[in-house]
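Labels for the chains are A, B, C and D, by order of writing; each one numbers its residues from 1.
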Amino acid sequence: MSTLIAIQEGPFSVDTLQAEVKKTSKGIGALVSFTGTGRDLSKGVDIKGLDFEHYPGMAEKKLMDIRKRALLNFDIIEMAIIHRVGHIDIGEDIVLIVAASAHRNDAFMACEWAITELKRTTPIWKSETTATGDVWVTDTP
Amino acid sequence: MIEVRFFAMLKKLSGTGARQYEVSEPITVLELKQLLKEDMPALSEVLDSRSVLVSVNEEFARDDELVADGDVVGLLPPFSGG
Amino acid sequence: MSTLIAIQEGPFSVDTLQAEVKKTSKGIGALVSFTGTGRDLSKGVDIKGLDFEHYPGMAEKKLMDIRKRALLNFDIIEMAIIHRVGHIDIGEDIVLIVAASAHRNDAFMACEWAITELKRTTPIWKSETTATGDVWVTDTP
Amino acid sequence: MIEVRFFAMLKKLSGTGARQYEVSEPITVLELKQLLKEDMPALSEVLDSRSVLVSVNEEFARDDELVADGDVVGLLPPFSGG
(Lines give C-alpha, C1' and ligand atoms only; values in the text may rest on other atoms or scores of the structure.)
Protein backbone atom coordinates (compact mmCIF):
# COMPACT_ATOMS: atom_id res chain seq x y z
CA MET A 1 0.00 0.00 0.00
CA SER A 2 2.78 2.47 0.92
CA THR A 3 3.92 2.79 -2.70
CA LEU A 4 0.39 3.87 -3.62
CA ILE A 5 0.45 6.98 -1.40
CA ALA A 6 3.47 9.25 -1.29
CA ILE A 7 4.68 12.75 -0.64
CA GLN A 8 8.09 13.18 -2.21
CA GLU A 9 10.54 15.80 -3.44
CA GLY A 10 11.54 14.17 -6.74
CA PRO A 11 9.57 13.65 -9.94
CA PHE A 12 7.15 10.77 -10.47
CA SER A 13 6.22 8.56 -13.42
CA VAL A 14 2.62 8.01 -14.50
CA ASP A 15 3.66 4.74 -16.18
CA THR A 16 5.27 3.46 -13.00
CA LEU A 17 2.32 4.36 -10.77
CA GLN A 18 -0.22 2.93 -13.24
CA ALA A 19 1.83 -0.31 -13.39
CA GLU A 20 1.83 -0.42 -9.58
CA VAL A 21 -1.95 0.06 -9.51
CA LYS A 22 -2.53 -2.57 -12.23
CA LYS A 23 -0.65 -5.17 -10.14
CA THR A 24 -3.53 -5.17 -7.67
CA SER A 25 -6.10 -6.75 -10.04
CA LYS A 26 -6.56 -8.32 -13.45
CA GLY A 27 -10.11 -6.97 -13.46
CA ILE A 28 -8.96 -3.40 -14.18
CA GLY A 29 -10.26 -2.16 -17.52
CA ALA A 30 -9.88 1.60 -17.06
CA LEU A 31 -7.28 3.85 -15.51
CA VAL A 32 -7.94 7.57 -15.20
CA SER A 33 -5.06 9.74 -14.09
CA PHE A 34 -4.93 13.37 -13.14
CA THR A 35 -1.61 15.20 -13.32
CA GLY A 36 -1.38 18.73 -11.98
CA THR A 37 1.47 20.78 -13.42
CA GLY A 38 3.02 24.18 -12.74
CA ARG A 39 1.48 26.81 -15.04
CA ASP A 40 3.25 30.00 -16.08
CA LEU A 41 0.23 32.12 -15.21
CA SER A 42 -1.97 32.39 -12.12
CA LYS A 43 -4.82 34.93 -12.02
CA GLY A 44 -3.09 36.90 -14.74
CA VAL A 45 0.26 37.09 -12.95
CA ASP A 46 3.43 35.60 -14.46
CA ILE A 47 4.78 32.75 -12.34
CA LYS A 48 8.48 31.88 -12.35
CA GLY A 49 8.37 28.88 -10.04
CA LEU A 50 6.51 27.18 -7.19
CA ASP A 51 7.41 25.88 -3.77
CA PHE A 52 5.32 23.40 -1.82
CA GLU A 53 5.39 22.80 1.93
CA HIS A 54 3.43 20.10 3.75
CA TYR A 55 2.65 18.97 7.28
CA PRO A 56 4.73 15.77 7.41
CA GLY A 57 2.69 12.90 8.78
CA MET A 58 -0.69 14.61 8.62
CA ALA A 59 -0.54 15.22 4.85
CA GLU A 60 0.25 11.54 4.16
CA LYS A 61 -2.54 10.54 6.55
CA LYS A 62 -5.05 12.72 4.67
CA LEU A 63 -4.01 11.23 1.31
CA MET A 64 -4.48 7.70 2.71
CA ASP A 65 -7.86 8.80 3.98
CA ILE A 66 -8.86 10.05 0.50
CA ARG A 67 -7.87 6.67 -0.99
CA LYS A 68 -9.85 4.81 1.67
CA ARG A 69 -12.97 6.90 1.14
CA ALA A 70 -12.67 6.67 -2.66
CA LEU A 71 -12.57 2.86 -2.40
CA LEU A 72 -15.66 2.95 -0.18
CA ASN A 73 -17.73 5.48 -2.12
CA PHE A 74 -16.94 4.69 -5.76
CA ASP A 75 -16.97 1.44 -7.71
CA ILE A 76 -13.21 1.49 -8.18
CA ILE A 77 -10.59 -1.22 -7.70
CA GLU A 78 -7.62 0.88 -6.61
CA MET A 79 -6.39 4.44 -6.18
CA ALA A 80 -2.90 5.90 -5.85
CA ILE A 81 -1.78 9.46 -5.04
CA ILE A 82 1.62 11.16 -5.19
CA HIS A 83 2.20 14.82 -4.29
CA ARG A 84 5.55 16.51 -4.69
CA VAL A 85 6.93 19.10 -2.26
CA GLY A 86 9.87 21.47 -2.45
CA HIS A 87 10.68 23.51 -5.53
CA ILE A 88 8.74 22.96 -8.77
CA ASP A 89 9.64 24.63 -12.05
CA ILE A 90 7.01 25.78 -14.58
CA GLY A 91 5.94 22.79 -16.67
CA GLU A 92 6.93 20.28 -14.01
CA ASP A 93 4.42 17.87 -12.49
CA ILE A 94 3.09 18.54 -8.98
CA VAL A 95 0.48 15.93 -8.20
CA LEU A 96 -0.66 12.61 -9.65
CA ILE A 97 -3.84 10.68 -8.90
CA VAL A 98 -4.60 7.35 -10.55
CA ALA A 99 -8.02 5.71 -10.24
CA ALA A 100 -8.60 2.20 -11.59
CA SER A 101 -11.92 0.47 -12.22
CA ALA A 102 -13.59 -2.19 -14.34
CA HIS A 103 -15.62 0.42 -16.24
CA ARG A 104 -14.38 3.89 -17.12
CA ASN A 105 -17.16 6.00 -15.64
CA ASP A 106 -16.29 5.03 -12.07
CA ALA A 107 -12.59 5.85 -12.51
CA PHE A 108 -13.39 9.27 -13.98
CA MET A 109 -15.73 10.14 -11.11
CA ALA A 110 -13.37 8.91 -8.39
CA CYS A 111 -10.32 10.66 -9.87
CA GLU A 112 -12.11 13.99 -10.18
CA TRP A 113 -13.52 13.68 -6.67
CA ALA A 114 -10.09 12.82 -5.24
CA ILE A 115 -8.28 15.87 -6.60
CA THR A 116 -11.05 18.16 -5.31
CA GLU A 117 -10.88 16.43 -1.92
CA LEU A 118 -7.08 16.67 -1.87
CA LYS A 119 -7.25 20.43 -2.39
CA ARG A 120 -9.85 20.71 0.36
CA THR A 121 -8.41 18.48 3.09
CA THR A 122 -4.67 17.94 2.67
CA PRO A 123 -2.28 20.23 4.58
CA ILE A 124 -0.09 21.27 1.65
CA TRP A 125 0.77 24.87 0.85
CA LYS A 126 1.98 26.47 -2.35
CA SER A 127 4.02 29.62 -2.68
CA GLU A 128 4.35 31.28 -6.08
CA THR A 129 7.47 33.12 -7.15
CA THR A 130 6.57 36.22 -9.16
CA ALA A 131 8.54 39.26 -10.29
CA THR A 132 7.65 40.96 -7.00
CA GLY A 133 8.60 38.08 -4.70
CA ASP A 134 7.19 34.92 -3.14
CA VAL A 135 3.51 34.77 -2.20
CA TRP A 136 1.66 32.04 -0.31
CA VAL A 137 -1.47 31.07 -2.22
CA THR A 138 -4.59 31.19 -0.07
CA ASP A 139 -7.39 30.45 -2.51
CA THR A 140 -7.46 27.48 -4.87
CA PRO A 141 -10.11 26.73 -7.45
CA MET B 1 3.92 20.63 27.24
CA ILE B 2 1.82 21.36 24.19
CA GLU B 3 3.73 21.72 20.95
CA VAL B 4 2.26 24.21 18.47
CA ARG B 5 3.48 23.97 14.89
CA PHE B 6 3.27 26.77 12.33
CA PHE B 7 3.06 26.28 8.57
CA ALA B 8 3.48 28.34 5.41
CA MET B 9 2.53 32.01 5.96
CA LEU B 10 2.01 31.37 9.70
CA LYS B 11 5.60 30.22 9.99
CA LYS B 12 6.64 33.51 8.44
CA LEU B 13 4.24 35.55 10.61
CA SER B 14 5.28 33.87 13.83
CA GLY B 15 8.93 33.75 12.85
CA THR B 16 9.23 30.15 13.98
CA GLY B 17 8.23 26.62 12.97
CA ALA B 18 7.15 25.46 16.42
CA ARG B 19 6.66 26.68 19.98
CA GLN B 20 6.05 24.88 23.25
CA TYR B 21 3.53 25.87 25.91
CA GLU B 22 3.37 24.59 29.48
CA VAL B 23 -0.21 23.92 30.66
CA SER B 24 -1.20 22.78 34.16
CA GLU B 25 -4.42 21.18 32.88
CA PRO B 26 -6.18 20.56 29.53
CA ILE B 27 -7.35 23.73 27.76
CA THR B 28 -9.67 24.18 24.76
CA VAL B 29 -8.40 25.02 21.28
CA LEU B 30 -10.07 28.44 21.72
CA GLU B 31 -8.14 29.06 24.95
CA LEU B 32 -4.92 28.01 23.22
CA LYS B 33 -5.62 30.49 20.42
CA GLN B 34 -6.07 33.23 23.07
CA LEU B 35 -2.76 32.26 24.63
CA LEU B 36 -1.08 32.39 21.19
CA LYS B 37 -2.50 35.80 20.38
CA GLU B 38 -1.14 37.20 23.65
CA ASP B 39 2.22 35.58 23.05
CA MET B 40 2.44 36.51 19.34
CA PRO B 41 0.30 39.58 18.50
CA ALA B 42 1.27 39.19 14.82
CA LEU B 43 -1.00 36.12 14.69
CA SER B 44 -4.09 37.87 16.10
CA GLU B 45 -5.68 38.79 12.84
CA VAL B 46 -5.37 35.40 11.09
CA LEU B 47 -6.39 33.46 14.20
CA ASP B 48 -9.58 35.53 14.37
CA SER B 49 -10.30 35.25 10.63
CA ARG B 50 -11.44 31.59 10.85
CA SER B 51 -9.50 30.83 7.67
CA VAL B 52 -6.91 29.06 9.81
CA LEU B 53 -7.75 25.46 10.72
CA VAL B 54 -6.39 23.72 13.77
CA SER B 55 -5.21 20.13 14.05
CA VAL B 56 -4.63 18.18 17.26
CA ASN B 57 -2.38 15.18 16.79
CA GLU B 58 -2.86 15.38 13.02
CA GLU B 59 -6.67 15.43 13.10
CA PHE B 60 -8.79 18.53 12.49
CA ALA B 61 -10.05 19.98 15.77
CA ARG B 62 -12.83 22.41 16.62
CA ASP B 63 -12.55 25.35 19.00
CA ASP B 64 -14.19 23.46 21.88
CA GLU B 65 -11.87 20.47 21.67
CA LEU B 66 -9.47 19.91 24.59
CA VAL B 67 -5.71 20.00 24.22
CA ALA B 68 -3.56 18.39 26.90
CA ASP B 69 0.04 17.87 27.83
CA GLY B 70 1.89 15.93 25.11
CA ASP B 71 -0.46 16.94 22.30
CA VAL B 72 0.84 18.37 19.04
CA VAL B 73 -1.24 21.23 17.64
CA GLY B 74 -0.97 22.41 14.04
CA LEU B 75 -1.98 25.88 12.88
CA LEU B 76 -3.01 25.39 9.28
CA PRO B 77 -3.56 28.30 6.88
CA PRO B 78 -5.80 27.69 3.80
CA PHE B 79 -4.51 24.71 1.81
CA SER B 80 -3.22 25.15 -1.71
CA GLY B 81 -1.97 21.73 -2.73
CA GLY B 82 -2.83 19.95 -5.93
CA MET C 1 0.80 16.88 -34.69
CA SER C 2 1.33 13.38 -36.07
CA THR C 3 2.89 12.20 -32.81
CA LEU C 4 -0.29 13.24 -31.01
CA ILE C 5 -2.52 10.82 -32.94
CA ALA C 6 -1.43 7.25 -33.60
CA ILE C 7 -2.60 3.73 -34.25
CA GLN C 8 0.23 1.35 -33.51
CA GLU C 9 0.99 -2.28 -32.69
CA GLY C 10 3.48 -1.77 -29.88
CA PRO C 11 2.98 -0.46 -26.35
CA PHE C 12 2.81 3.24 -25.48
CA SER C 13 4.00 5.36 -22.57
CA VAL C 14 1.72 7.77 -20.72
CA ASP C 15 4.78 9.75 -19.57
CA THR C 16 6.03 10.13 -23.14
CA LEU C 17 2.66 11.23 -24.53
CA GLN C 18 2.04 13.63 -21.65
CA ALA C 19 5.50 15.14 -22.22
CA GLU C 20 4.66 15.51 -25.91
CA VAL C 21 1.40 17.27 -25.03
CA LYS C 22 3.05 19.54 -22.47
CA LYS C 23 5.52 20.78 -25.11
CA THR C 24 2.65 22.59 -26.85
CA SER C 25 2.05 25.16 -24.06
CA LYS C 26 3.39 26.45 -20.74
CA GLY C 27 -0.17 27.33 -19.80
CA ILE C 28 -1.11 23.71 -19.11
CA GLY C 29 -2.06 23.16 -15.48
CA ALA C 30 -3.97 19.89 -15.74
CA LEU C 31 -3.53 16.68 -17.69
CA VAL C 32 -6.23 14.02 -17.56
CA SER C 33 -5.43 10.70 -19.14
CA PHE C 34 -7.61 7.70 -19.83
CA THR C 35 -5.95 4.31 -20.30
CA GLY C 36 -8.09 1.37 -21.39
CA THR C 37 -6.63 -2.03 -20.51
CA GLY C 38 -7.47 -5.65 -21.28
CA ARG C 39 -9.64 -7.11 -18.50
CA ASP C 40 -9.76 -10.81 -17.65
CA LEU C 41 -13.56 -10.80 -17.63
CA SER C 42 -16.18 -9.57 -20.08
CA LYS C 43 -19.89 -10.01 -19.29
CA GLY C 44 -19.00 -12.84 -16.91
CA VAL C 45 -16.87 -14.73 -19.44
CA ASP C 46 -13.15 -15.40 -18.86
CA ILE C 47 -11.00 -13.67 -21.44
CA LYS C 48 -7.57 -15.02 -22.35
CA GLY C 49 -6.52 -12.34 -24.81
CA LEU C 50 -7.70 -9.68 -27.24
CA ASP C 51 -7.08 -8.84 -30.87
CA PHE C 52 -7.79 -5.49 -32.47
CA GLU C 53 -8.30 -4.75 -36.14
CA HIS C 54 -8.77 -1.28 -37.66
CA TYR C 55 -9.59 0.35 -40.97
CA PRO C 56 -6.19 1.82 -41.85
CA GLY C 57 -6.51 5.45 -42.90
CA MET C 58 -10.11 5.91 -41.81
CA ALA C 59 -9.43 5.04 -38.16
CA GLU C 60 -6.57 7.59 -37.95
CA LYS C 61 -8.80 10.16 -39.68
CA LYS C 62 -11.55 9.62 -37.11
CA LEU C 63 -9.10 10.03 -34.22
CA MET C 64 -7.80 13.29 -35.71
CA ASP C 65 -11.41 14.38 -36.06
CA ILE C 66 -12.08 13.66 -32.37
CA ARG C 67 -9.04 15.77 -31.39
CA LYS C 68 -10.19 18.62 -33.63
CA ARG C 69 -13.73 18.60 -32.26
CA ALA C 70 -12.45 18.35 -28.67
CA LEU C 71 -10.28 21.45 -29.21
CA LEU C 72 -13.31 23.28 -30.62
CA ASN C 73 -15.90 22.22 -28.08
CA PHE C 74 -13.98 22.16 -24.79
CA ASP C 75 -11.72 24.71 -23.13
CA ILE C 76 -8.64 22.52 -23.55
CA ILE C 77 -5.16 23.31 -24.84
CA GLU C 78 -4.25 19.99 -26.45
CA MET C 79 -5.39 16.38 -26.89
CA ALA C 80 -3.52 13.24 -27.94
CA ILE C 81 -4.82 9.76 -28.71
CA ILE C 82 -3.05 6.43 -29.24
CA HIS C 83 -4.87 3.16 -29.98
CA ARG C 84 -3.07 -0.15 -30.25
CA VAL C 85 -4.00 -2.87 -32.72
CA GLY C 86 -2.98 -6.50 -33.08
CA HIS C 87 -2.74 -8.88 -30.13
CA ILE C 88 -3.19 -7.56 -26.59
CA ASP C 89 -2.63 -9.69 -23.50
CA ILE C 90 -4.76 -9.35 -20.35
CA GLY C 91 -3.46 -6.45 -18.28
CA GLU C 92 -1.87 -4.73 -21.27
CA ASP C 93 -2.86 -1.22 -22.34
CA ILE C 94 -5.13 -0.76 -25.38
CA VAL C 95 -5.91 2.92 -25.70
CA LEU C 96 -4.61 6.19 -24.27
CA ILE C 97 -6.24 9.61 -24.39
CA VAL C 98 -4.55 12.67 -22.87
CA ALA C 99 -6.43 15.96 -22.48
CA ALA C 100 -4.59 19.07 -21.30
CA SER C 101 -6.09 22.32 -20.03
CA ALA C 102 -5.41 25.28 -17.79
CA HIS C 103 -8.04 24.15 -15.26
CA ARG C 104 -8.80 20.55 -14.44
CA ASN C 105 -12.54 20.47 -15.06
CA ASP C 106 -12.16 21.03 -18.81
CA ALA C 107 -9.59 18.25 -19.19
CA PHE C 108 -11.80 15.77 -17.31
CA MET C 109 -14.81 16.58 -19.49
CA ALA C 110 -12.90 16.47 -22.78
CA CYS C 111 -11.13 13.21 -21.93
CA GLU C 112 -14.35 11.45 -20.95
CA TRP C 113 -16.12 12.76 -24.05
CA ALA C 114 -13.25 11.65 -26.31
CA ILE C 115 -13.22 8.02 -25.18
CA THR C 116 -17.00 7.79 -25.60
CA GLU C 117 -16.70 9.36 -29.06
CA LEU C 118 -13.83 7.03 -29.99
CA LYS C 119 -15.94 3.99 -29.16
CA ARG C 120 -18.84 5.41 -31.19
CA THR C 121 -17.08 6.65 -34.33
CA THR C 122 -13.72 4.96 -34.84
CA PRO C 123 -13.56 1.87 -37.09
CA ILE C 124 -11.70 -0.43 -34.70
CA TRP C 125 -12.88 -3.93 -33.83
CA LYS C 126 -12.05 -6.17 -30.90
CA SER C 127 -12.12 -9.94 -30.84
CA GLU C 128 -11.98 -11.73 -27.50
CA THR C 129 -10.31 -15.09 -27.07
CA THR C 130 -12.29 -17.28 -24.68
CA ALA C 131 -12.16 -20.99 -23.80
CA THR C 132 -14.59 -21.64 -26.65
CA GLY C 133 -12.76 -19.64 -29.33
CA ASP C 134 -12.50 -16.13 -30.74
CA VAL C 135 -15.54 -13.85 -30.77
CA TRP C 136 -15.92 -10.43 -32.38
CA VAL C 137 -17.39 -8.02 -29.85
CA THR C 138 -20.45 -6.19 -31.18
CA ASP C 139 -21.66 -4.18 -28.22
CA THR C 140 -19.48 -1.91 -26.15
CA PRO C 141 -20.53 0.09 -23.12
CA MET D 1 -14.30 -0.29 -60.52
CA ILE D 2 -15.64 0.08 -56.94
CA GLU D 3 -13.53 -1.52 -54.22
CA VAL D 4 -15.52 -2.93 -51.30
CA ARG D 5 -13.56 -3.67 -48.14
CA PHE D 6 -14.70 -6.05 -45.41
CA PHE D 7 -13.69 -5.80 -41.75
CA ALA D 8 -13.75 -7.98 -38.64
CA MET D 9 -16.71 -10.41 -38.69
CA LEU D 10 -17.65 -9.33 -42.21
CA LYS D 11 -14.21 -10.37 -43.42
CA LYS D 12 -14.88 -13.79 -41.91
CA LEU D 13 -18.43 -13.97 -43.29
CA SER D 14 -17.43 -12.93 -46.80
CA GLY D 15 -14.23 -14.97 -46.72
CA THR D 16 -12.26 -12.06 -48.15
CA GLY D 17 -10.83 -8.68 -47.21
CA ALA D 18 -11.85 -6.88 -50.39
CA ARG D 19 -13.77 -7.32 -53.63
CA GLN D 20 -14.03 -5.26 -56.80
CA TYR D 21 -17.20 -4.47 -58.68
CA GLU D 22 -17.46 -3.08 -62.20
CA VAL D 23 -20.21 -0.44 -62.57
CA SER D 24 -21.17 1.32 -65.77
CA GLU D 25 -22.56 4.35 -63.93
CA PRO D 26 -22.80 5.59 -60.30
CA ILE D 27 -25.11 3.55 -58.05
CA THR D 28 -26.48 4.24 -54.57
CA VAL D 29 -25.12 2.60 -51.44
CA LEU D 30 -28.46 0.77 -51.20
CA GLU D 31 -28.05 -0.61 -54.74
CA LEU D 32 -24.50 -1.67 -53.91
CA LYS D 33 -25.78 -3.52 -50.84
CA GLN D 34 -28.30 -5.34 -53.07
CA LEU D 35 -25.52 -6.30 -55.45
CA LEU D 36 -23.43 -7.59 -52.52
CA LYS D 37 -26.28 -9.67 -51.14
CA GLU D 38 -26.78 -11.36 -54.51
CA ASP D 39 -23.05 -11.94 -54.86
CA MET D 40 -22.53 -13.10 -51.26
CA PRO D 41 -25.72 -14.47 -49.69
CA ALA D 42 -23.87 -14.99 -46.39
CA LEU D 43 -23.89 -11.20 -45.95
CA SER D 44 -27.67 -10.81 -46.46
CA GLU D 45 -28.68 -10.91 -42.83
CA VAL D 46 -26.08 -8.42 -41.50
CA LEU D 47 -26.58 -6.03 -44.41
CA ASP D 48 -30.30 -5.92 -43.65
CA SER D 49 -29.80 -5.54 -39.89
CA ARG D 50 -28.70 -1.88 -40.11
CA SER D 51 -25.97 -2.59 -37.55
CA VAL D 52 -23.46 -2.41 -40.39
CA LEU D 53 -22.30 1.10 -41.32
CA VAL D 54 -20.99 2.00 -44.74
CA SER D 55 -18.09 4.31 -45.56
CA VAL D 56 -17.30 5.83 -48.95
CA ASN D 57 -13.71 7.00 -49.26
CA GLU D 58 -13.29 6.83 -45.47
CA GLU D 59 -16.37 8.94 -44.64
CA PHE D 60 -19.64 7.55 -43.31
CA ALA D 61 -22.25 7.29 -46.08
CA ARG D 62 -26.02 6.93 -46.05
CA ASP D 63 -28.03 4.52 -48.20
CA ASP D 64 -28.96 7.20 -50.76
CA GLU D 65 -25.38 8.34 -51.34
CA LEU D 66 -23.86 7.65 -54.76
CA VAL D 67 -20.86 5.42 -55.30
CA ALA D 68 -18.87 5.74 -58.52
CA ASP D 69 -15.95 4.21 -60.32
CA GLY D 70 -12.74 4.57 -58.27
CA ASP D 71 -14.51 4.86 -54.91
CA VAL D 72 -13.51 2.72 -51.95
CA VAL D 73 -16.42 1.43 -49.90
CA GLY D 74 -16.02 0.04 -46.38
CA LEU D 75 -18.48 -2.33 -44.76
CA LEU D 76 -18.16 -1.61 -41.06
CA PRO D 77 -19.67 -3.88 -38.39
CA PRO D 78 -20.35 -2.34 -34.94
CA PHE D 79 -17.19 -0.77 -33.56
CA SER D 80 -15.57 -2.12 -30.39
CA GLY D 81 -12.41 -0.10 -29.97
CA GLY D 82 -11.33 1.63 -26.79
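Methods note: contacts are C-beta pairs under 8 Å (C-beta built on N, C-alpha and C of every residue); 3 or more make two chains touch, one makes a residue touch a chain.
Worth saying up front: this structure is predicted, and the values here are computed from it rather than measured.
Q: Which number of steps is the smallest that gets you from subunit B over to subunit C via touching chains?
A: Between subunit B and subunit C, the shortest chain-hopping route counts 2.
Q: On a C-alpha centroid basis, what's the spacing between subunit A and subunit B, in Å?
A: Taking the mean C-alpha position of each chain, the two centres sit 26 Å apart.
Q: Centroid from C-alpha atoms only, then distance subunit A to subunit C, rounded to Å. What do you get?
A: Here subunit A and subunit C have centroids separated by 22 Å.
Q: Would you kindly tell me how far, in whole Å, the mean C-alpha position of subunit D lies from that of subunit B?
A: 74
Q: Quick check on subunit D: which residues sit in contact with 2+ other chains?
A: Nothing qualifies.
Q: Check each residue of subunit C and list the ones that touch at least two other chains.
A: Touching at least two other chains: 36, 115.
Q: Chain pairs that touch, all of them, please.
A: Contact pairs between chains: A-B, A-C, C-D.
Q: Would you pull the subunit C residues touching subunit D in the complex into a rising list?
A: 36, 52-55, 57-59, 61, 83, 94-95, 115, 118-127, 136-140
Q: Residues of subunit C touching subunit A in their complex?
A: Of all residues in subunit C, those touching subunit A are 13-15, 18, 22, 26-41, 90-91, 102-104, 107-108, 111-112, 115, 141.
Q: Using the touch rule from the top, collect the residues of subunit D that touch subunit C in their complex.
A: The contact residues of subunit D facing subunit C are 5, 7-9, 12, 51, 55, 58, 74, 76-82.
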